[in-house]
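So, here's a batch of structures to check.
First subunit A sits with subunit B, and in the next complex the same chain sits with subunit C.
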Partner chain A sequence: MPYHEFECSKVIPERKQHAVIKGAGEDLTSCLPKGYLNTIPGTISERGCAYCGAKHVIGTPMKDVIHISHGPVGCTYDTWQTKRYISDNNNFQLKYTFATDVKEKHIVFGAEKVLKQNIIEAFKAFPEIKRMTIYQTCATALIGDDIEAVAQEVMDEMPEVDIFVCNSPGFAGPSQSGGHHKINIAWLNQKVGTLEPKITSDYVINYVGEYNIQGDQEVMLDYFHRMGIQVLSTFTGNSSYDDLRGMHRAHLNVLECARSAEYICDELRARYGIPRLDIDGFGFEALGNSLKKVGLFFGIEDRAQAIIDEETAKWKPQLDWYKERLRDKKVCLWPGGSKLWHWAHAIQAEMGVKVVSVYTKFGHQGDMEKGISRCGEGALAIDDPNELENQEAMRMLKPDVIFTGKRPGEVAKKMRVPYLNAHAYHNGPYKGFEGWVRFARDIYNAIYSPIYQLSGLDISKDEIAADKGFVTRRMLSDAGLSDEIKSSPILTEYTGKYDSVTDLRAKTYPEFERKTAASAAE
Partner chain B sequence: MDDATKLEQLMDYIMKNCLWQFNSRAKDRRKQNVGVLTKTTQLLCDEPVDNPTPLDKCYWVDAVCLAEAYRERYPWLATMDKTAIKTLMQKLHERLDWLTIDGSLNEELTVQHY
Partner chain C sequence: MTCDVKVKDRVGTINPIFTCQPAGAQFASIGIKDCIGIVHGGQGCVMFVRLLISQHLKESFEIASSSVHEDGAVFGACGRVEEGIDVLLARYPNIRVIPIITTCSTEVIGDDVDGVVTKLEEGLLKEKYADRDIQLLAIHTPSFVGSMVTGYDVAVRDFVKKFAKKGEPNDKINLITGWVNPGDVKELKHLLAEMDIDATVLFEIESFDSPMMPDGSAVSHGNTTIEDLADTANAKATIALNRYEGGKAAQYLEKTFDIPTIIGPTPIGIRNTDSFLHNLKALTGKPIPPSLVRERGVALDALTDLTHMFLADKKVAIYGNPDLVIGLAEFCLDLEMKPVLLLLGDDNASYVDDPRIKALRDNVDYGMEIITNADFWDLENRIKNEGLKLDLILGHSKGRFISIDYDIPMVRVGFPTYDRAGLYRHPVVGYGGAIWLVEQMANALFTDMEHKKNKEWLLNVW
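What follows is the complex of A and B.
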């Protein structure tokens, strides 16, 4: 096994099994790090807790819901607002967060009373909201509060409200991924099948594992609607609580982030016979194939092809403008879970960059299988890295840019390595054809930002030339390009708007005739 | 071009572009590999494909995309007769089962529940 041992982690020998370098001739039977294990004592992990994985990643993107944490206020604060999962109802779920503010006396005497009081208070404060999710935290799990019983009591007293309870305290798994799992299964067991949805199309899907980061879901919904497909629910970005209760009626589950949501797809396949189709919404080719597959499933592939042709003609020359300027730039692809495989091949094939390292904070070995398959020889793959390992990797690999979260991202910046936010994006959405160009634009802006020339100078000792300005981004990026490319009339920089999402909300779509009177009457 | 190189090219496309081979449990991976590759072979050999259930149809859509990509990228496929294509696809199937299931180092493949 081509394990890689970090100098800084020699004192923690178990870490060696969590990093590999993909050598010549290596495949998945010889090159795979350990994954989804408890963090080894002594290594300062970047992971979140299982409560965070359940609430912050999966529960909270639901838009018409009061999301309340049963525990101390810190749990809630740390899972509030840092992911930009917007919604078309004025971002209710981002603007407000709720906690029962459990204190020492509640730990001693029990916190069920304060929970009930908080639930009722929250519903009274927002009378237009009738749905709630409640999240267990470490403290209230340890004292044994029966949240289900309290929720049921409230539902009996207030029949107009519906409450979902997520029992995934911080310690319920090695990382946030444990929480993804728990909430998937809990939602399926408690809520799916409790409401019959209205079917309005012959083609009905759930769009699963999609969280509407900066509008990703709305971009993809636009494509599905243009194809005449009814998206019954999105699990969970920009979705309604009640839509997600009707997931059992879809004909197909279209799965985007398998890491966070394959469990519910697998169970829906086993229990309801709904097939699971894994797709990639990132990258022209992968997205085109994804739309085509959904189209083929319903026999409407011509509608998918029309979208692919239109969008490719519009956006490909802009993507290629950036590709010419990003060729061979070295990338560390260091996201949380799924983007290492969503992006690894597509950015190399379509933007010309080279992925020199992939890592995952909370991914499983299955994510590494996909990620390692999709990157080339010499790539360093790390599971659950710590900050010192990241620094050592950056010194060793000398990347031109890093895609990661904001905590390791800030460390990278201090080492004068530009970073892009892989979780919440810089100027997304990044999904869709236009989104992919926005991503390329952000990468370009990061790599060639003039700040990196200036930040290397120390005004206390370096000579600063007072007669020269700094080299602009364009001067840097175009220095080695041929005149033909520099003055190409076809290739252009991104021409889209600052906000590419809001207009989609007012869009109308063609009515497609339904195939049979019987299905129309459903 | 020898068979080993052909096999490597076919496998490389799957590993870089497809996701269907990476369901989380061994039992599902086996079903996916059989489902998609059987139908891909039928498509490459111009044989009829039967899709009696929604699950079959789901394998078929991945097979259609895979067969199309293979034909487009690997012109040598057009020079092979059906028996040779079937033999090559059988080897591909065995190799994929080895990489993703039987020789896999993924310790979660045999976990009982999802």
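What follows is the complex of A and C.
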């Protein structure tokens, strides 16, 4: 195995098996780091906990729900307002978070009574909301509160409300991934099949593993609606609680983030016979293929092709404008879980950049398999990275840009490496054809920021160009380009609006005639 | 109409104002040089707190986790701390201090982290790191007790307790700042310099307003050293600016080393800054120099431009850390404003006995509510359902949607303030802080007048 041993990690030999450099002719049989093992304490790993994986990543994007965490306030406070999962109901789920505020006396005497009071109070404060999710935390898991029993008691007393319980304390697993699994299965066991949805199309899907970061889900729903597909639910971005109770009636589960949500798809297949189709909303080719696959499944490829043709004609020249200017720029693709493989190939093929490193905080070996196979020779892949290894990797690889989280982005800043937020995006959405151009635009803006050029200048030693009052991005990016590209009448910079999502909410779609009266009455 | 102090009348929390104790201890820990704390609990207790602090400071810094997983939760996780400390020491050759910061989970399972300290001192440190001077300490911050404010208070005390050591008198004062920003530390040091007073500042976090350097080598860290902490025992006096953030450490030094001590007032506004300077003078015998008379005059000049014309009778809600909230309320009163609602986000029973709150109760002649154990619903519900009218909100970024949704101007102040640029750089304390605050408040009101077309023409001739 071509393991890469970091200088900084020589003292923890087991770390050696968590990083590889892909050599010439190597494939996954010879080049795959270990993954999803217990974290080595004290490494300053970037992993989160199973509570946040369940509540913060998957639960909270549901939009019409009171999300209560049963524990001290910290878990709730800390995970509140740290992501960008928007919704079309004025962002209720971003704005409101609830904690049962467990204190010492509750730890000693039990917190079930205070939980019940909390539930009633919360519904009283928001009388228009009738749905609730409750998340266990470390403290209440350890004292053994029976949250399900309390929830059932309230549901018996208040028949108009419905409550979901997720038992995924922070310590349940090596990372947030443990929480993804737990909430997938809990939702399926408790809620799927408890409400019959209204079927309005011959083509019915659940869109799974999509969290509407900066509007991703709304962009993708636009395509599905243009194809005449009914999206019963999205698991979970911008989705209604009740829509997700009717997941069992879909004809197909269209899965985006397989890392966080394949479990529910696999179980829906086993229990309800619903097939799973993995798709990818990132990148023109991958997205086009995804829409075609969905179209093929239902026999409506022509509708998919029409969208692809229209969108490609509009956005491809803009994507290519950036591609010409991003060629061979070195990227560290350092996201959380699935984006290393969603993005690795697509950004290389369609934006011309070179992925010099991938890492995953909470991905499993399967994610690494996909990610590494989509990287070129020389790429450094790191599982469960830590602070010192990241710094060493950046010094070694000298990337032009890094895609990672907010705080690691601050580390990169100090090392004069521009950063884009891989989890919450800079100016997304990044899904969809237009979104992909927005991503390219953000990368371009990061790499060619005149500030990064200035920050490398040591005014005490270096020559200062005193005759320059400014430098534009174009002056930097176009210096080596041919005149043909520079003055191309076809290629243009991004022309979309600052907010590319809100307009979609008011859009209307054509009615597609249904095939049979029988299916129409379904 | 008077000032009422009440406890929130609900048991639960809708949009918390504070996070829990370990976050406060973590914030304190990054003020110390060559210190990396290890938080004993689940990984989220660190990952999110680092994110929170880095959102506020727009910087990164190191805090480790013992990464307690299921087996640790069931069988005990002291081994995780031991391993974590070894890993930290092996990889960070400059580390001198490792605080072990507990959380709810590890307090519930009863891990004996004090025992871990003793065990490692006898074992690992002697065997593997004998050539280094490594100091370990346990900081108990169960999340179900107090809040981030008490966590900070406990941690500062525990650091002082661990290191303060009687030696030669150093002729310095100890200045315990409380939970402040780099800009506040800078302002406080400026005042000390003008007074020609040498001080040990807990904590030296000014350096968190750190540069990007041409060679990419800059890192952000606190600058209070173990030696500084040791020397706190030899100071001629201690001033803790905040009663609830650092007060415990000041009391410890007073009791143990018989150091003259003044706790408070938080030097927000002219009057409290005057008191701070007065206290410095009283404790050191150093006079207040003409330069500060002039500086104070500049601040008063700025305030006078704004008070009776624009600020008088403006109704304000203030939330956040208790000393900050009280200090801001006092300043607002001096500015002729009307703080009508003060929200203190934890259940500290002693707030009601705070002399500053007593003074408010004795003297406020309009309706003012002070809510303890408060959450943001205490603010929003009053606006949404109970007819509370506000002209201004003062508080941190987690309350931003109340300002946005109810169209009430807001000045971001306190921790965290991630939704406005660079606020960590500006002081709220001292005369400089008074100027900054009053002008932020005025400009927020001006922008709101224009945004709502509410006598926006007034500013034509100001």
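Definition applied: the second predicted complex is superposed on the first by the 510 of 522 C-alpha atoms of A that agree within 3 Å, B and C clash if a C-alpha of one lies under 4 Å from a C-alpha of the other, contacts with A are read in each partner's own complex, and residues count from 1 in each chain.
Rule of thumb we're sticking to: a residue touches a chain if its C-beta (ideal position, glycine included) is under 8 Å from a C-beta of that chain, and two chains touch if they have at least 3 such contacts.
Being a predicted model, the structure only gives us computed values, none of them experimental.
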Is A:485 in contact with subunit B, with subunit C, with both, or with neither (first, second, both, neither)? neither
Please work out whether A:263 is in contact with subunit B alone, subunit C alone, both, or neither, and reply first, second, both or neither. first
Does subunit B (first) or subunit C (second) touch A:195, or do both, or does neither? neither
For A:280 in the superposed arrangement: first (subunit B), second (subunit C), both or neither? first
Contact breadth on subunit A, by residue count: subunit C or subunit B: C
Contact-wise, after the overlay, does A:252 reach subunit B, subunit C, both or neither (first, second, both, neither)? first
Looking at the overlay, does A:458 come into contact with subunit B only (first), subunit C only (second), both, or neither? second
When the two structures are overlaid on chain A, which partner does A:476 contact: first (subunit B), second (subunit C), both, or neither? neither
Once the complexes are superposed, what residues of subunit A are shared between the subunit B interface and the subunit C interface? none
In their shared complex, subunit B is touched by residues of subunit A numbered 27-29, 32, 34, 36, 185, 251-252, 258, 262-263, 266-267, 269-270, 273-280, 285-286, 289, 292-294, 296-297, 341, 345, 364-366, 369-370, 373-374
Taking the touch rule as given, give the residues of subunit C at its contact with subunit A in the complex, in rising order. 10-16, 18-23, 36, 38, 41-45, 47-52, 54-55, 58-60, 62-70, 72-73, 80-81, 83-88, 90-92, 103-105, 108-109, 142-145, 147-148, 210, 212-220, 347, 377, 381, 397-398, 400-401, 405
Of all residues in subunit A, which touch subunit C in the complex? 8-9, 11-12, 38-52, 68, 71-82, 94-104, 106-107, 114, 117-118, 121-122, 125, 137-139, 141-143, 169-176, 387-388, 405-408, 410-411, 413-417, 455-458, 462
Subunit B contacts subunit A in the complex at 15-17, 19-20, 22-25, 28, 53-55, 57-58, 60-62, 64-65, 98-100, 103-108, 114
